[in-house]
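Note that subunit A is present in both complexes that follow, paired respectively with subunit B and with subunit C.
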Partner chain A sequence: MHKALVMEADACTGCHQCEMMCSYGKVGAFNPSKSVIDITIFDGGAVNVPSTCTQCEGAWCMVVCPVEAITVNSSTGAKEVSAEVCVGCKVCTIACPFGAINYDVDSGVVTKCDLCGGEPMCVEACPTTALSFVAEDSTGYDKMRRNAILAAGIEEGIA
Partner chain B sequence: MHYVIAGAGPAAVAAAEHIRELDTDSKVTMIGAQAQPPYSRMAIPYFLTGKVEQKGTYLRRSDNHYAEKGIDYLHDEVVSVQPEDHSLSLASGEKIQYDKLLLATGAEPIIPPVPGMDDPRVQQCWHLEDAERIIDLAKPGARAVQVGAGFIGCIILESWVLREVDLTVVEMGPRMVPRMLGEKAGGLLQTWCESKGVSVHTNTQVKAIESTPEELHVVLESGETCPADVVIVSTGVKPRLGYLQGCEIKIDQGIVIDEHMRTTAPDIYAAGDCAQGLDFSTGETAVHAVQPTATEHGRVAAANMVSNNDLPYKGSLNMNILDTLGLVTCSFGAWEGVDGGDSAEMFNQDNFQYINLQFKEDILVGANSVGYHKHLGMLRGLIETKIPLGPWKDRLIANPVQIADAYLGANEASLKSS
Partner chain C sequence: MSWTGKILRIDLSAGTCTSEPLNMQWANDYMGQRGLATKYLVEETDPTVDPFSPDNKMIFATGPLTGTIAPTSGRWSVVCKGPLTGAIACSNSGGFFGAELKNAGWDMVIFEGKSASPVYLDMTNDQAELKDASDLWGKSVWETETALRERRGDPDVRVASIGLAGESGVLYAAVVNDMDRAAGRSGVGAVMGSKNLKAVVVRGTVGVKVNDPMAMMKTSNAAKEILAENAVTGEGLPTHGTQILMNVINEVGALPTRNGQDVQFDGAHDIGAEAMAEVRESDGQSNLVSNHACFGCPISCARRSKIDPTHFTVKDKPQYQGVSGGLEYEAAWALGAANGVNDLEALTYANFVCNEQGMDPISLGVTIGAAMDLYHAGAISQEDTGGVALEFGSTEAFVAMVEATARGEGFGKELGQGSRRLCEKYGHPDFSMTVKSQEIAAYDPRGIQGMGLAYATSNRGACHLRGYTVASEVLGIPEKTDPLATEGKAGLVKAFQDATAAVDSSGTCVFTTFALSGEDIAPMVDAACEGDWSVERFVEVGERIWNMERQYNIAAGFTGADDTLPERLLKDAAKTGPAEGSVNRLNEMLPEYYESRGWSASGEPTAETLGRLGL
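For the complex of A and B:
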């Protein structure tokens, strides 16, 4: 069974370590604007919400892509973007109801979470239990995934 | 069971593959009136600029993809459909029997009824072959006139500039992309294009194209004449339905389909640019000739064809994103607003930034943005989940930029209460 990245807002302190490590892993520099996981801080720090791609079943980004630039990594289940194939049309960025795939102006292609090949750096960087990488049947993960499925109105199993 | 799909574009391929996923045994035949493997029209702009080779426009990369999936791909043209005996006739003379048929024949460009359109230097940008001819005509330094600044026009416009042609755009509407952007956003886009050296004429139509051996003269209703080496026509599209003449099937703006993607003819479904399906925003039917609708229609049609109509479709959300010379604009759903609704707006002319949000009670129903490219999909999520924004509505009205905050805040609240 694949593992899933589970995000618990309640445990997040808003330290941004995950964004730092993510960008380091992706572009070799500590630059949160290049991170594919985001921490959003509300109410002056009282609530911090991590968000990234849930590798959802519907995979709206992958289905809509006109050139097959997004494919599933069979060992991790992650939907991965090939920077060589992507033409930068951005249609996936509006198709994803999570807003979890975004255009990067510098590279001219889109970026999203690829679970770092099975060892997510954000999870390693997280000093609390806000981020964990666990078996897919955990409740939190299920809820997030259901949300994505609802968003496009297509039942699980068919999507 | 024999599933037949007329067409070989995004809607057809999404359907063929999904049928195969759901039914591993039946025969699946896909028929495309084109010489190439299935390709994406929307990747053509990147072929024009040389970002990808022709192969980079193909929907699937492996040469044997369709054979490996057990999908028979015929290069042929459907010339008629006979619902009475579940058959269709091909240009090659062959006749094919189907159990279930999907019509996914897409659209074709509308050519305005103006004298001079038949000159070979006047081109549409629709098929890969058109792109090849344009590459020959639009050499660096050439003068190009693009007729039409609809959404496809605004996407391909960038290709001419990158090809270093001297570009003039003529749009009969009051602004660029009038069906996707309002006055302020369309105005920003026009100023942006002009700042990049493109000459833009709005509110005027082309009256005639006069040819001399050396050049073309594009005569505008306003009285002006633009000299050109090449003219690109991008004045809208209409469903490609010639083969349905005389067939008992309801056609309005496109082939009319119900929430199961069924046409009015038995065992015939339709999907993509040729179909007039349920519109998520209005509850009526409409043709949404965009890639997300094509692929979604294809999958939902496939599921209904295989399951005997078990999957009602929520309707397609009309949405679009354009990158015009580096300025990203997008639109979702009821961006023009709904009766009795509220709205939020942010306009920063100097930074080329704009946001328009439309609400019905505390639910987002439509949006535009200019100059943003992060988390745009959240707008779709907010609209399609109809998630109540609660306190976030007023915060968005006060500061429309907080879309990601509102999305996460409203989602957190609904997760907690569920």
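For the complex of A and C:
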């Protein structure tokens, strides 16, 4: 089974370590402007929201690409862009409902999260629990369990 | 690498922006940020220059680790001759501005001269242009940053600016970036104002490269692991922020209270970390909203706060009712305990005003405390204060003074000159809790002896961040020493001062040193930079910087006689707590300190010491 990248805004402090690590993997420099994971800061830093591609099963970016530059990596499930094939038409950036695929002026092609071949560097960099990489069929369960604990008004849940 | 190798020089008189190569010899000898910028200032300016003269320079500087994956890599510094002290001024800030400047491809920006009219510097990578800021002059930091962000139409630009305090020459005006992170001390914001420079806007997309990326990852991960596992950096600071110290230091009997009249504050529990987290009756919310991280920081000690909207300070002022930068320990102490004020919401409001108009809350709070002392002694009256009964503990009087200082109105003009000038003017220089004209910080040297020596010998005037022996004397880091003893403190202070000077020049935050030592930080510098950066070299650079700053101050007119403390701390014993009966015994530590530094008995670095350090 593939694994999924899970982002928890509640735990994010806005430190940008993920952006630095991601950009390093993509362009070989610490350069948040080249990161394909992005932290949006709201309310003076009280709310910090990480966003990146969630690797849709039926990926719109892939469906609309006129040159088939986006393909599925069978081992990770990631939808990956081939920089050699991409012509920079940007149709995928319009099709993506989340804005998670972006055009890079310097390279002339689009960039998006490729799960770093199965070991996402952003997850490794994150100093909190805001980013995790979990089995696809367990996404949401952690949150459900936390909410159950809150609803029950108890300190710790039972497995 | 990891220096960009480029400096941007801004001649404000001529209106020109020019690029020049970084002096790599100096970079190798002084690392970056605090050390490197001070080296440039020393080489390029006359130490006797009037701080407000166009001939004074102001340098924005990053370090080799700024903008890298190293934990807490968001640090940058502002260096100039300081108007509050007449000494070297070096103020360090976090947030996101510094990393953006480095990402734009610059190690430093040097501002020289003076613009004929208000301007701001607009930068995108290697493009830099001075633009008219006439419409921004008279605006707050918050208004300026918001306006410039909108003007650029790019939410990712970063801004450093001054508010009304910097424009009007408040001697402890700050340069504020990212709305509430500040290069706070010594009046660097007033120097920026004297040059008619309102703001610097930067967007950087060049990226930061390091010499050995694999070693960078490895050493940074190791450092992050240590920070996460440490009780202070992994638990205390993320959860409670620096405010965790309020009750701790009060218990130790080292919380300077009511302008140093006492060492314990009965209202301490009302203004510390625990109080910030308490749910208010009025709106069912707590003052503390969340923690927040500066760029690259896994500690995230910064506080986000929201003031009770029904509180008298904000109830008709919507601009203060949102979430903004909350109280750190130093601000809560200076604005609170130093004045005997225990109203958490009022202190948060004052902190917001300090961020909004660009003022150092430490110097502001301590100066108001001195004014309350003068009022208490009858040296000033309501005729001087504009009708305000300036009693210790009066929240209303305190708030009125904060607002008057921010706006530069009435008695606020006097307060904007700092405690030393205020107390001298009204005939009580002994009331001024200052060293080299800069206000002391939140640790009373009667209860923590080493801090007395650290204040007395700090190159930028009294400061807790030049040699934080509290770590050892109170928290037991790296090992516990007796806060009431003077033995061994000379060596302790020197070691902390040198290590801190190195950390302040690296691009990382001194708060990491609760958990990290040179053994952890030097390897990150070594990975980032070319050349061999051993621990020994790292610490030696720190010592070199300390002596360079000392030489600058001597050339500016300071002598060993200025290495002293306010009389009250040396003569009036602590009245309560573990330090009851104690004064600070500076005279037991200072000669040994000079000797351990390789300085003469009058406090001057010997030729041998200067030679050893290559100065």
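By definition in this document, the second predicted complex is superposed on the first by the 138 of 159 C-alpha atoms of A that agree within 3 Å, B and C clash if a C-alpha of one lies under 4 Å from a C-alpha of the other, contacts with A are read in each partner's own complex, and residues count from 1 in each chain.
One rule holds for everything that comes next: a residue touches a chain if its C-beta (ideal position, glycine included) is under 8 Å from a C-beta of that chain, and two chains touch if they have at least 3 such contacts.
Bear in mind that the values here come from a model prediction, so they are computed numbers and not experimental data.
Trainee: Give one of first, second, both or neither to describe whether A:C89 is in contact with subunit B, with subunit C, with both, or with none.
Mentor: Once the two structures are laid over each other on A, A:C89 reaches subunit B alone.
Trainee: Regarding the shared-chain residue A:M7, is it in contact with subunit B (first), subunit C (second), both, or neither?
Mentor: neither
Trainee: Would you check which partner chain A:P97 touches, where first means subunit B only, second means subunit C only, and both and neither mean what they say?
Mentor: Only subunit B; A:P97 stays clear of subunit C.
Trainee: In this superposition, which partner touches a larger number of subunit A residues, subunit B or subunit C?
Mentor: B
Trainee: Check whether A:V109 is in contact with subunit B, with subunit C, with both or with neither, and answer first, second, both or neither.
Mentor: The answer is neither, since A:V109 touches no partner chain.
Trainee: So in the superposed three-chain picture, is A:V64 touching just subunit B, just subunit C, both, or none of them (first/second/both/neither)?
Mentor: In the superposition, A:V64 contacts subunit B only.
Trainee: With both complexes superposed on chain A, which partner does A:V49 reach: first (subunit B), second (subunit C), both or neither?
Mentor: After superposition on chain A, A:V49 lies in contact with subunit B alone.
Trainee: Show me the subunit A residues, by the header's touch rule, that subunit B contacts in one structure and subunit C contacts in the other.
Mentor: 47
Trainee: Which subunit A residues qualify as touching subunit C in the complex?
Mentor: By the definition above, subunit A touches subunit C via 13-17, 20-21, 23-24, 27-34, 43-48, 124-125, 127-128.
Trainee: What residues of subunit A sit close enough to touch subunit B in their complex?
Mentor: 9, 38, 40, 42, 47, 49, 51, 60, 63-64, 66-68, 85, 87-91, 93-103, 105, 143, 147, 150-155, 158-159
Trainee: Contact residues on subunit B for subunit A in the complex?
Mentor: 10, 14, 22, 40, 42-43, 46, 51-52, 56-61, 291-292, 295-296, 299-300, 303, 307, 311, 313-314, 319-321, 323, 326, 328, 330, 332, 373-381, 384-385, 404-405, 407-409, 411-412, 415, 418
Trainee: Inside the complex, what are the residues of subunit C that reach subunit A?
Mentor: 67-69, 71, 96, 99, 103, 156, 179-180, 204-210, 213, 221, 224, 227-228, 238, 289-298, 300, 302, 304, 322-325
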